[in-house]
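Quick one: the structure is below, and I'll ask about it shortly.
Chain lettering (A, B, C and D) follows the sequence in which the chains are written, and residue indices restart at 1 in each chain.
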Amino acid sequence: MSDILVVRDIEKTFGAVVAARDISVVVPVHQTVGIIGANGAGKTTFVNMITGHLTPSKGSIHFENKDITGLPSRDIVRLGISRSFQVAQVFPTMTVLENMRIASAIANSRDSILDRLFRPIDAPGAVVEADAALDLFQIARYRHAKAVTLPQGVRKLLDIAMAVAGSPRLLLLDEPTSGISIEEKFGLMEVVMSALKTRRITVLFVEHDMEIVGRFADRVLAFYDGTVIADAPPKAVLADPKVQTLISGTQRAHVGQADA
Amino acid sequence: MDIRWSLVASVALSLAYTGGASAQQAPAADAPPVKLGIVTFLSGPAASPFGVPSRNGAEIVIEALNAGKAPAPYNTVGFGGTKIEAKYVDEAGSTAQVVTEFRNLVQRDKMDAVVGYISSGSCLAVTPVAEELQALTVYFDCGTPRIFEEKARKYVFRPPPHATMDNTAAARFLLAKKKDIKLLSGINQNYAWGQDSWRDFVGAMKALAPKAAVDKELMPKLFAGEYGAEISTLLTSKSEALHTSFWDGDLESFVYQSQARGLSRRMPILGTAVESVIWRLKDKLPDGTIVGARGANGPLAPDNAYSRWFKQIYTERYNSPPNYPAYQMALSLLGLKVAWESAQKKKGSGKPTTDEVVASFEGISFDAPSGLVRMALGNGHQGIQDTAYGIYKFNKQKNEGEVVDIMRFPAECVNPPAGQNADDWIRDGMKGAKC
Amino acid sequence: MTMPARSSLLGALAFIAVAAVAPWMPPWLVSLATIAFANALVVLGLIILWRTGLVPFGQALFYAIGAYAVALIGRYTSVRDVFVVILAGAIFAGIAAYLVGFLLARYREIFFAMLSLAMSMILYGILVKTETLGSTDGFHVEAGTFFGYRPQGVWLNLSIYWLVLGFSAVMAWLVSLYFRSVAGSLSNPIRDNEIRVEFLGISVDRLIHLKLVVSGILAGIGGALAALAVQHVDPAMAYWTTSGGFVFVTILAGAGSVGAAFVGSLVFELVRSIAIDLVPGEWQMILGTVLLLTILFLPEGLGSLYGRLRRRKDAAS
Amino acid sequence: MLTAFAIVTDGLVYAAYLFLVAVGLTLIFGVMKILNVTHGSFYAFGAYGAATAAGIWFDRGLPDAGGFLFMALFAMAIGLLIGIIIERGTLRFVYGRDEVVVVLVTYAIFLILEDVIVLIWGPRSYAAYQPMVAAGSIDVGDLTLSIYDIGLVVLAGVVAAAGRWALKYTRYGRLLTVVIFDRETAAAYGINVTVVYTVTFLIGAMLGALGGAVMAPKISVTLGIGVEVIVLAFAVVAIGGMGSVEGALIGALIVGISRAAAVHLVPQLELFVIYAVMALVLGFRPYGLFSQVQPRKI
């Protein structure tokens, strides 16, 4: 088993504001890592740095032993790291199928202008792949609906399906269940996680719901004030009093009960 | 695919359209009229100073000709007894549009002749098309000498003189008034007409007064409107005269702004196209301004039966005296009439063909409100005339500007001899000028 | 038969029909259609950008470069073959588009429009200052030859017309292929969501750069053909109102289909010509009204009419 | 020395003209995100209106001082009138469409209005020089300056200051600032965005007409003056940053001084100055000097 992602001492500052600091994380392949933390704790900044949306002010990021620090997102995507977004990033005026076909076609093209000029969008390989992906994420019945009309959960699934189109080895999910009703959350995560398991993808996901983290993560990173304050299996992290005080907010409730 | 609709649409539209047009233009009398297409600026900035006066000139002259009421020898009805029917078209738009509309006039509307074009660009673009379509085309205003210098033409004529004489005569007039002039400046619009005018003028000055130096050479963009910086520059200059080929809007704006800052007290304006604004500027145009009218037009016109007639009928109808584009339009129509009638006479009876009119147009001479025209250049296709310059003086009693101190220059003094390129002629010192 | 194949066949038939009737069309209509179809090639380029959400107010830059390339070759060399000079026009326009693309591709929306306008106005300024090329008067374009054959009289206009049609057909076919390629399909996605496109592994700027070059080449060919048809070039070809005219036709045509560019351009020329004929002093008002009504009541342009018609027919059958 | 002084004064006068022409455009863009081509028509209608007013006033031999005020008010009234017609009659139907489509709507209206001018005033040109002549001039060394020009500079300064003050300290100004900053939030806070749009458009229309009115005495009011102004105002606004009043002021100063310097030092370059400055500024600051564009959050 080798390490797919090695992050060393990265830091991100915006002027005087420190958004992330002293973060070092090593992720082995096929692990599923949950990321927790309050709003503004640096979770999304962390994801943004790994996917090239932000360049770290300090430190390095290696993916499969390749230094990817500061590369533009599109190159990082081409190397095999993909991501989904807190607010689903799809093409709203296009149908679900069209969205998926674009993603598959790009994944099937080589990174050259000429190749993309001469490769038809409806090449058979990409079409078959797109249909398969819609089936895998169980959104095939929405195939002819415009993305703008989709329910939130379906839009999230489409977003993730598109992120997976390029067969990434590492996938970062930024709050996959945000904006989804509590009843639907588990169903959605089941679909996503089983799909990713069949593709054997290493996953990092940002999540607020501790139950979901406990259920799906092999390991949890807890963020507070721009840095990682706990890194262990879910049970251990959730039981950590520091985490309980600063993040999950359960500690005070327990204390209150104890006093009563 | 939508292409097939283009076919349907274009055929339907064109059929409906030509059908409608031909019904409209069904002959009213027995003899079909002579159809003239008149092209001039009816919209845009050039409409007010040039386009509308020339259209007015065309209307009034055609009306007089159709009534047989012009002074002899122009007192036959229309062209050789046949009435004239005119169609007016806007010259504004891209060159492609101008050429398309020219083709429409010739091929769709079957005009007997096209009279028009103010912009030199239009004339240059229309010329090869006129030759290709073998369509008789008469230019009335555009100034560039290039038309007949680039190539010999058969179907294209320009009875009014080209712009070379405007600036050679301007130089001669300036030197007649200020023999020892040492320093002069120029302000001209940054486009072909302004650049050509300035080059011709400087060339002529070099030939005639090698000691006179050029100080400021200003080239603001066309329709700039605001000339504060230019006026400041000129205020710091010791120039004794300011050459300009500005016209209408830009000229008026420049005059207002330079008046307000006392530029005219330092140096007089020598304007090759000042005549077009004197009726409006009145006392705002400083006394002492040297007035050009692109020929002996307007107040510079010689006193003859034709100029009196034209000024009278125009003023009666439009409540203002005609300016030079109107004169040039009148001149061009009269020239065409002379050529048409002489062709008709040669033929004996019936309507002369285009080739017959062309043959009798070449090299003729005729009288116009601005004096005698001789089709002497460009193998008889380009007219020359005597020209004149004068000095502006505002008459308070009449509340009207007048031009005094008029000096006339014979055609051969200010135009290149036949067969010689105008630019070269000026550069080589205007050899052979007969003054 | 598949949809694209059916459209291609219909398109080819339409082009052949429009070409075949030429000798029986009134000559003025042939000239008008020549200009209209030459301009339609520029509009085709605009449609490519339009689908990406970009509207250039300076496409006249490439149009003028194509035209001046043809004119200058005619003036300073002895090369007259129409195919060679048009190719030269396309190449020069393409190079220009490639160069300004480094700057322009970073801009979107109004800023893209304004900067492209500035670029074309700089070329306009340079051409106006070039007195040896006649400044604003422009100069004559030498007539072209077809593999050594020099058409005369009526055949001159007809050959230019067929030449324009030939180029139109080829370009329309190539552009419709382009729209079905991966690069071409990314127009709508870029307009919808650039971030997603970037995170699919594509450089949006580079893709827009490519689209600029493609549209620049089309504008260059359009300009080259227009120069051969009008036989005259002048700096006004680079002026912003020329660009405005192309945008106008694009709105009229709609970005929905390749064929619409040709219909729209032809309708525009006809409307303009008829307006000038009927109200010589106020024809701009008619054009403005047509544009306004199109935007208000036919937001997808003339091309959408055909689509509506076909849907109705499909529903009926 | 004299040249340097002349460059500064000429630059200021030209900048004042540019600012007065551009301020209405930038305001409308800032609030409504509309690049308003009809701004050229406002300018033209303002100039024609002022010339008409000058005719009415001075033909009766009324005093010069009131004449200018009458011209300005008359022009702004015309601006208000066509502003209402355009906004209520067409623009409000296209709010929410693509920015570029709205630009084309204004372009169409501009084409129509160009011919409306011909229908109302005919193709002849008009003059309204009286206020400039009445203002007189002063001599500074060899240079004679027009007092009317100095008045223009003062007026531009007053408009800039008033604009700043109004945006900062009046209720409506603060409303505008909110709308400029974030349309959706403004709507969420119960601001009636439609009314804000209408009022803004009318203010912009009146400012455009005022620009035409104050230039009318200096120029010949003739067909096509609107076309020239559009591109000029666009360039100024693009340089300064679309939607920013300060930006329009700085943009006008940069263009004004550059052009004056070009005329005095290298007159051959005058034709390019504006576009060269624009390309240069945009090359380094893609959204202008005072832009309010923020990167999108993900």
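We take it that a contact is a pair of C-beta atoms (placed from the backbone, for glycine too) under 8 Å apart; a residue touches a chain by one contact, two chains touch by 3 or more.
A quick note: this is a predicted structure, and the numbers were derived from the prediction, not measured.
Visitor: If I count C-beta pairs in contact for every pair of chains, which pair wins?
Guide: Pair with the most C-beta pairs in contact: B-C.
Visitor: Central chain, going by Cα centroids?
Guide: Central chain: C.
Visitor: Go ahead and note the Å separation of the Cα centroids belonging to chain C and chain D.
Guide: The answer is 33 Å.
Visitor: Using CA atom averages as chain centres, what separation in Å is found between chain A and chain C?
Guide: Each chain's C-alpha centroid was found; their separation is 44 Å.
Visitor: Please tell me the distance, in whole Å, between the geometric centres of chain A and chain D computed from their C-alpha atoms.
Guide: Computed value for the inter-centroid distance: 50 Å.
Visitor: Which whole number of Å gives the spacing of the CA centres of chain B and chain D?
Guide: Inter-chain centre distance comes to 36 Å.
Visitor: Specify, in ascending order, the residues of chain A that touch 2 or more different other chains.
Guide: 85, 89
Visitor: Give me the residue numbers in chain C that touch at least two other chains, ranges are fine.
Guide: 128-129, 195, 281-284
Visitor: Using the touch rule from the top of the page, what residues of chain B touch 2 or more other chains?
Guide: Answer for chain B, listing residues that touch two or more other chains: 42-43, 47, 190.
Visitor: Any idea which chain C residues touch chain D in the complex?
Guide: 53, 55, 103, 106-107, 109-111, 113-115, 117-119, 121-122, 125-126, 128-129, 195, 240-241, 244, 247-248, 251, 281-285, 287-289, 291-292, 295-296, 299
Visitor: Under the touch definition given earlier, write down the residues of chain C that touch chain B in their complex.
Guide: 7-8, 10-11, 13-15, 17-18, 21, 25-29, 31-33, 35, 128-129, 131, 134-140, 153, 156, 172, 226, 229-234, 236-237, 242, 245, 257-260, 262-263, 266-267, 269-270, 272-274, 276-277, 280-284, 302-303, 306
Visitor: Along chain D, where are the residues that touch chain B in the complex?
Guide: 2-3, 6-7, 9-11, 13-14, 17, 114-115, 118, 123-125, 127, 129, 132-133, 135, 137, 142-146, 148-149, 215, 217-220, 222-225, 227-228, 259-260, 263-264, 267-268, 270-271
Visitor: Would you mind writing out the residues of chain C in touch with chain A in their complex?
Guide: 178, 180-186, 188-189, 191-193, 195-196, 198-203, 206, 210
Visitor: Using the touch rule from the top, collect the residues of chain B that touch chain D in their complex.
Guide: Interface residues on the chain B side: 42-45, 47-49, 51-52, 190, 216-221, 223-226, 228-230, 232-233, 235-236, 248-253, 256-257, 259-263, 280-281, 284.
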